[in-house]
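The structure's right below; bear with me while I get my questions together.
Each chain gets a letter, A, B, C and D, in the order it is written, and its residues are counted from 1.
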């Protein structure tokens, strides 16, 4: 990975993993936007997305608000206005500004936001160097980093969404297409016995609140496909009329697909019988043996009904991944697109490439209680109407992932690198 | 119950429970609309609702289409047009009629629809009397009855919704209010041990597809309140600012409550510090010790967060109800409104009064496969974005209920008699 | 005309034209709905329309409120609730009822509304018989009649709109189609010199406020076609791509036509290359030599651009009609559909058949001041965004029309019997 | 006026007024955006507005497409993609790009658009210098300039609208407030006799198609106020309940005002009983004796009803302005906000400060025919649903104005510098 911005290394970084995480995370965010014009970072292409500039500022505001202002002696606030500008929810300034759209806030400019980041990063560095930190502060620093890694991925997927509206089809990082090679084999199936298993986070090391408590689940024998569904298979689904057959779809899924006129994954179109897609590398022919991405839960579910299989439960996914190292086509690879897997393990690409939709609604684990305070309001209030995805994508930072990590999106959403892996009863 | 229409009793009815069910169900539907003017039965007050006239015809169309036309010799179809008029989905007649709203179809008139019912009922009676029926036909007859019982409840709740828009506040069945008595006691808590239990339908007798297969679940120790949350307690929630405190709500729930300006259950309003509600008996002061009804999942969920408890899982509800007989304030009582329970068993009002929201999303049970064919498309396609309710309401037919019965609605819906019972970890 | 209800004739009716107008108008309204089932009269198929039941009651409420209650001794109000139920704007009864939709008010039933009419009609008859009436009362009686005639036409067009959603295509008054004869001739052109003319109502006899004051206009020489554009010509416009050529359309018109997917007049569709339309007589092949109806201003305007002509100004229309008697295919003919004109005068069908769109926005005449009081709020507030139509249609009462009569609708509206006549510079 | 960019002066400019107009117009556009960050010029705050970057490119595209490519030998097109990117209507590139929002097109960046302008400006300069130009080319050059001047004003008002959503309230050109002086006098009334007058453009010199043909109008005696309605008077209207009195409003106006919750002109709010407004100079107290701006036609119309006067007809305005020179607080003053008039002529501020709503719908003049070809599609298709405004504003270029100039907007629009002047019958 080409390091475009070189962070001021701490003397103690080698022995201080939290400090290292902070500096690396803050630096990588800047790397991601390196060379982009301000125009790319100011627009907001839909309600679900935010401008890049806002991501840059909001993640900085987090460290300023929860670390520097309460805990760093003599910290000088960069600009008091940012408290409401870059909070996730704007404070009401009167009827007119009650719900401003983030994409309309052109100032502070990108340059000023970068100065804000520099101001906070320097204060963070001083803070990290000078001495002892309580456990609470360690936890907040880690939370700030994991929060920022989530926003790194959103920054990328939000930007892709915005660029996709440009008829000129500009690439985030231009490069040539992947080979349009036809995959030569069916996936194999890995079998797992049933029984009572433990899943969820046990509290050792960082995790988000919704990953715990660790608890027992009763699982029936099941099988998982050795790799995610690929684009070749998805084109077969399209050609078999998958997008025209209401009986394959959930009722809500069919309504959505009709209203939105879905005929293929997001960012796909057909020219002269070749399927193309728009991605971080620009417009390119669809790579047939890469995992399909940018499909909604509704599409993934319809595909499973067509194929006679089903989506895995999140417990099944977590059990299956127990002994698999966290590695793969992740953000650090700088591919920013799903690729074919060269490896042929029993289970491939469980991490990276595409987030895998599970059949599990995002609901609390038994005994879950949301933590107290503003920071604690993090995940519990979203435990409704969304489905869990597992495994990370080509735009997820490695350090963000754990076997217990639960991502979640609404079943109609497609702008993430979301795909699927088939499961079946054992 | 005053029998308003007297069905032609079959000679064999006493020994033929399916035939008895058919005749009783068909008759009760007519009883429900007895005396209503045609005007009440033609309107459709929202997309979720249908006109009473449509319910009367659609349930009839079901028997005509799946029993009489394929299986009754010499059956003469009443009107071929009804095949698309009273199917759940209209056949397209061209762009103009692609999606007619049911409330705009003024003809056939109520009189003609009643004639249609009579025509089909007489043919059904002949069919039921003359001899042997295959298992498949028995199953279809039962399905037709259970389908019609579901529509009986919808007919009532849809009508209530329509009448609620009338400034004159007409009552479906006028009568005096219930006593506005203050409940004198807290609910007690019934404890249940954890373990592995079986839930779901075992295939003996009628059930809908989504109730099976019967399967093992791992349950942790839990407690259930001895009765549903009542109106007195709900008013405390209102007065404590429940509808003004975003931190009590799911994120989607809060958006909905703000957009819809919820400040109390559906049909409630306040006059001179007295809470009133509109119901099947007209406008009446809220009966304090009756179970709260017409609350959404979002409101039920917010209430549990305020109370420090939680909603039960559907498995917990089903385990708890194992030995409780199916009895209570159900449709046959003809109250058409929730009432205080006089009994003081450990668990009261598990059946009847109000459907109880559970914390369980409506998803397939392990091993579930939707049945083949048009009839089989019944429930599977709704297994997304909805929550399970259990126990039936004051407008549910007794014969419709089983311990395994799973009702389901979207978390924002309020026009059913939906309430809640608190649960807690054991 | 078959008189279905026979009004109690006044002794003095022959010498009392206002009394005669009242009784005839009230009776004709009942004639119009004679034999219709209550179901037809309760539905509201769009915001622009009202249920027939509401028209019946609202016109009655007008006489009760402005004549009987203030001026008839001992008049007993039928039901005080009707004051807000059948006012054009509902009084707010609290948040829930702030904007009820008229189509949801199922009660009072049609029977009760007819009883209300009878109650008011009998009181009106007594009032008309017993004695002297002031000029103010005479004026109010006339206004009530002209108001009711407007609602007669709306009752018909609203009902047609509602019936059009029924896949069974029920006819208001079933009968056979008109001959599908091809018209044999082009219209001729009638020339008019320019100059200064007077238009507008001079205050003699009844007129609506917006018809005056009478004033001078400067008119340039112009020509009018001898008859309205007919269906044969409209089909030529369709076949020439009129609905697919944005350059023929106003910008707002094109957006509307695309959004609403207009491809022909309202109620038209094509089967096997034959154009059909739905009307008061049911579904019938389009009668080629009848005037086109149910076209919006946008469509009429596009047609003129295609034909190289223009729409007349309302002043031109009024000047041209000066010596033409008010006669034609009007409501009393009971055709309820436009027909070919047999006559061959220089100008034919200026009255009746279809309202003719003019190029004149509905704005106040010079010196116009709205009258004082509630009754006076009649037309002034609509003087924006609408266009004037002239001449009446097959559903307009003859007594309603005058040379100065200004009807007005929004340029996108099509549910009236609205057509056009071409004009050109002289 | 500080000239920020110095255009390459033509040798012949002094004797070549069209060349001078081109160079001055092109330069002024750049002056307007001088110093603005790219972020300000990429956003689109509503459908009615366009990003500044788009205005810069679209006006350039106009000269490239209609002058340089057809008429300049050896002209090299800057980028063929711009043909659809910066046309007013995007060519369809497939379903995805069918209706892109201009605010989502982040590239070409501002720098590239400025390079595009430079490329075209240099080619224009060469073209203007080298020789004879046909009348058609002269006309197109003039049209290009007048087109660009219209976009200059839109660029300013669109930018103001975008900045208004920023809680930080950034100023386009910061400076201190105007004095909050109370105006000391009522306006006087200037009387005009009735008669037949000529209005409209006679074809000498540049004008837009809709300004002609020149034609006779019959006008009744009338009066005009000596100055526009000022903010002091508008506050009186607010305090008299103007925004709460439905009887003052047109029906459509009242619906809009309720839906949009209007309580004052756009950009106004109240703090501690002081009225503030947001403008090109930032947030400032409302200057009491400056003309009111940012009011819709609906508000202007309601104000006249409250005041007992009326809006002028466009013919009245044009007759009154005959002998008044085109001067005032226009774009060249660089005030970018309406100001009090120091002068005390019989009619003041007819040009500049605020566009004045007239009572005249924007319809074609008698004998109007839209010109042929793409350029000619300019105004005719908007002749529906809009009202004429006259006189120019503080953001209108002087050279853009003529006595016959007709501006037009929808009656609900408020983001222009739109105000009003009272009229009355003579």
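One rule holds in what follows: a contact is a pair of C-beta atoms (placed from the backbone, for glycine too) under 8 Å apart; a residue touches a chain by one contact, two chains touch by 3 or more.
Note that this is a predicted model, so its numbers are computed, not measured.
Here the chain-to-chain distance from chain B to chain D, counted in touching steps, is 2. Two chain pairs, A-B and A-D, are weighed by contacting C-beta pairs, with A-D ahead.
The best fit of Cα atoms from chain C onto chain D calls for a rotation angle of 180°, in steps of 5. Note: the chain lying farthest from chain C is A, by mean C-alpha position.
Each chain gets one centre point, the mean of its Cα atoms, and the points for chain A and chain B are 40 Å apart. Note on chain placement: the centre of chain A and the centre of chain D lie 46 Å apart, centres being C-alpha means. Looking at chain C, one finds that none of its residues touch two or more other chains. Put simply, chain A touches chain D in their complex at residues 37-40, 42-43, 45, 53, 81, 84-85, 90, 93-97, 100-101, 103-111, 162-168, 170, 261, 269. Interface residues of chain D facing chain C in the complex, by the touch rule stated above, are 196, 215-218, 220, 247, 249-254, 297-298, 301, 359, 361, 363, 366-367, 377, 381-385, 411, 425.
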